[in-house]
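Heads up, the next two complexes both have chain A, just with different partners, chain B and then chain C.
The block that comes next holds the complex of A and B.
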């Protein structure tokens, strides 16, 4: 009995794994008939990553029963760095090892040991979001980078008509406005105007690689509640990050 | 593998935590000051002997106050960078899971060593300054000089060593829940062995009691004596009366053995124990002198891989010699060399203080006072005490202290 799945684009897998590496060192994937999933907290427990890849994302997917596989994210990342966009990548689990084959002009095989990752039962997030915005992931990435020039945190303000990212310190003030007219906001839905502040170092880690996964990012938050940042993956998958808000003084 | 009982029966609330009323009260009022707004100190340094419940009290209090605990161990914060990664960037965030707050626990800060963990203490201090969440550190010994800065920024809370009765109470509770029939005598022995270390006691109980319906006194034999800190007299006796090299070397496994101290002790007491056989004494001193040579080389070259040879020679090498006298009880004494060194140090301090007085009064350096003035005062005092006393009085030197010099 073996678990095997093939993914069409080696480079996209690399982005997925690098997005995980932004938060965690060891990953515990859960594989079932439906597909692959992972939920993990970063070591400081203020950020969570939630990856869901249904079997439709894969070219081939074979998993007769639920299996958990633990891998060192950095090791996996090293292997996937060797893959290119037009190459396919095949994963196979057997005998306590994960075999990764990059199928291009030649077939390259790598094998790494599986590790025991204590899969912690994570409490459900009590998530009710009063602001939902779909926007271009690159513009969001730029807005966060701009904010980083003056501060280590950025305030998200979801107002009636527009979304504003604002940061300030002794060094200055930076703001970015996303509104419907400029085309930066693809969808915008406000149940109740909200503001919350988040750590830039986490946001930029999350956006760095994940923005290559999808052109569009979904941002959701409520006043002083966690932020959800979701990227859709072609074929029906999604990668979501959750980040705790910062306490303001 | 089953869950360790220490985890399974870790107190869920402060009420379940045995004893430590003083510490509980202090911790509660400190956490309450956080929820009211500004606490006077942002960090707590929780100290006490192993197994007194330092980690347990933090988790129990966090439960009571609905706080999420971010726990880092000494091994996770060896360097400033490691600290940045784990907690420095999270001390201003709220809980992701909607808990009322968060709390950072830096467990066993005394695991830090000053030489290797450069900057770690400074990093902790910076973290405490910037933190918007309560920070609790635990340590066995907070009086270490390198923790001075940490002590200054922290509220110190002491966890007392648990007494035998408390340990027995907890063990009884666990036996009841595990449905194990056990005699109080058995628990008393376990408790005594633990020396107030509740974690050790619970581990021992699990080792002998898990999966059984009852424990008898005989079952305790499986527990090997815990390598506790025993005093130097016992250590020296173990080495000098050992019958096999292994017995003599067993002392090296003791936690926090001061081998340099042991060297002096053996050096001092060898003749008492081996007095009946000159050959044995010679052979033992031969081994000890070789150990000393190794220590010298280690000091000179800093080649610490030589240490095992030195240790082996000064224990097994000393213990196993031809013609070793039969065991007899002798009284050991504290190394004369160390006594002398400390006496000399005291003398030096007295002399230095007298020299400073002379130097100030006569406007000379202390070196000049030492060579040009002090010797003559000594002579004058000896030949003509009356006149000498006058000089001392003028200088403002206490006569008694001066006399202790000669």
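The block that comes next holds the complex of A and C.
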């Protein structure tokens, strides 16, 4: 049985894989007739990544039955770094190996061994988000970078009229306000004002590459509950990160 | 024999660099295998070399006191060094010794999965900083500035401070250490409050 899929933009696949590499070293993709998916915890179990790429995202998609493929993310990343935006990328699973072909002015073929990834079945996250904000991903990245100047955590405050990111320590205080009039906040919905604090190290790694996938990021959270950070992928796919809050004790 | 004990046994039999020639006993480290705080010094001293245990000399006594003063029991943490054998005459460990020996440390960290590492002194801090591609300037400039490293994909916060031995030579530094340990205790409290994302899953 052969599994094969072709993606129209090699550079976008590179961003997807680099976004996964922010949290995990080994990936176990699940392929089925419907498409490709992955759900995995980072080794510290503070965060989770959830990738969904329906078959409509691909130019070609052949997968007669559910198949799991385990790969070393860094090895895959090395290959995809060779791809450009105007090149297509083809993946084929056969004989215990993943063959990657970058289709541009020339056809370049790479092959890496599949690995056994011991993954646990992860149930769905309880999704009770009282604050939902769609905003420009670059501005969110800047806000997190600013917060990093003084602390290793940042407080998200979702109030009626604005979203505030705030960090403080004995080194100083930093805040960014996204209000409804600012160009960065595209949609904003607050069911109940909420506050939660998250690790900057994780947020920064998540935003570093994923912000290249989409100009817009969806941020969702509730008081002292996980943060969901979602990027839409052209064609109907999505990459979502979930990050556990820091609790004051 | 658990994984940590296996590593300890490997360290006791290690001959990967020349330090084995001068050692009495290698010092793999000791403490709680599920410690949330790991303390990493530079290399064993004379008393540690004789006993095969970390931080049992005068600097070790000060370390134990600094921990006790902020409510941390030595039995609850895991204590080790970047280099596991005593360099002759207590000289600084050499780069090749650190490179070879730190593989044991990385494996210990991976098994223990601490929330935070307390890096004691310049050499320990430099080792962890090198993992994020940074060079250490002076320990006084970087002390208490927390940074996050990744070991085999696992994130750990590193809190650098002075080596307790520094305070033995310069008593003024004792109050600096006391202040740093108070901050460490507070940061550890916050760090422990970071729950796993799995805790929020619907079962």
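Heads up, the rule we're going with is that the second predicted complex is superposed on the first by the 248 of 249 C-alpha atoms of A that agree within 3 Å, B and C clash if a C-alpha of one lies under 4 Å from a C-alpha of the other, contacts with A are read in each partner's own complex, and residues count from 1 in each chain.
Note that in this section contacts are C-beta pairs under 8 Å (C-beta built on N, C-alpha and C of every residue); 3 or more make two chains touch, one makes a residue touch a chain.
Worth saying up front: this structure is predicted, and the values here are computed from it rather than measured.
Q: Following the superposition defined at the top, how do chain B and chain C come out on chain A, clash or fit?
A: clash
Q: For A:247, using the defined touch cut-off, is the partner it touches chain B, chain C, both, or neither? Pick first, second, both or neither.
A: Both partners, chain B and chain C.
Q: With the two structures laid over each other on chain A, which partner does A:179 touch: chain B (first), chain C (second), both, or neither?
A: Neither: A:179 stays clear of chain B and chain C.
Q: Now for A:24: first (chain B), second (chain C), both, or neither, which partner does it touch?
A: After superposition on chain A, A:24 lies in contact with chain C alone.
Q: So in the superposed three-chain picture, is A:138 touching just chain B, just chain C, both, or none of them (first/second/both/neither)?
A: Neither: A:138 stays clear of chain B and chain C.
Q: In the superposed model, does chain B or chain C contact more residues of chain A?
A: The partner that reaches more residues of chain A in the superposed model: C.
Q: Go through the superposed model and pick first if A:125 touches only chain B, second if only chain C, both, or neither.
A: In the superposed model, A:125 contacts both chain B and chain C.
Q: Taking the superposition as given, does A:47 touch the first partner, chain B, the second, chain C, both, or neither?
A: both
Q: From the options 132-140, 150-158 or 168-176, pick the one stretch of chain C whose C-alpha atoms clash with chain B.
A: 150-158
Q: Using the superposition on chain A as set up above, list the residues of chain A that contact both chain B and chain C.
A: 41, 43-48, 123, 125-126, 153, 199, 201-202, 225-226, 242-247, 249
Q: Considering the complex alone, what residue numbers of chain B touch chain A?
A: Those residues of chain B that touch chain A are 68, 70, 85-87, 89-90, 92-98, 102, 132-133.
Q: If you look only at chain C, which of its residues touch chain A in the complex?
A: 113, 146, 148, 152-157, 189-190, 192-203
Q: Please output the residues of chain A touching chain C within their complex, sorted ascending.
A: It is residues 24-25, 41-48, 122-126, 152-153, 199, 201-202, 225-226, 242-249 of chain A that touch chain C.
Q: Of all residues in chain A, which touch chain B in the complex?
A: Residues in contact with chain B: 41, 43-48, 123, 125-126, 153, 199, 201-202, 224-226, 242-247, 249.
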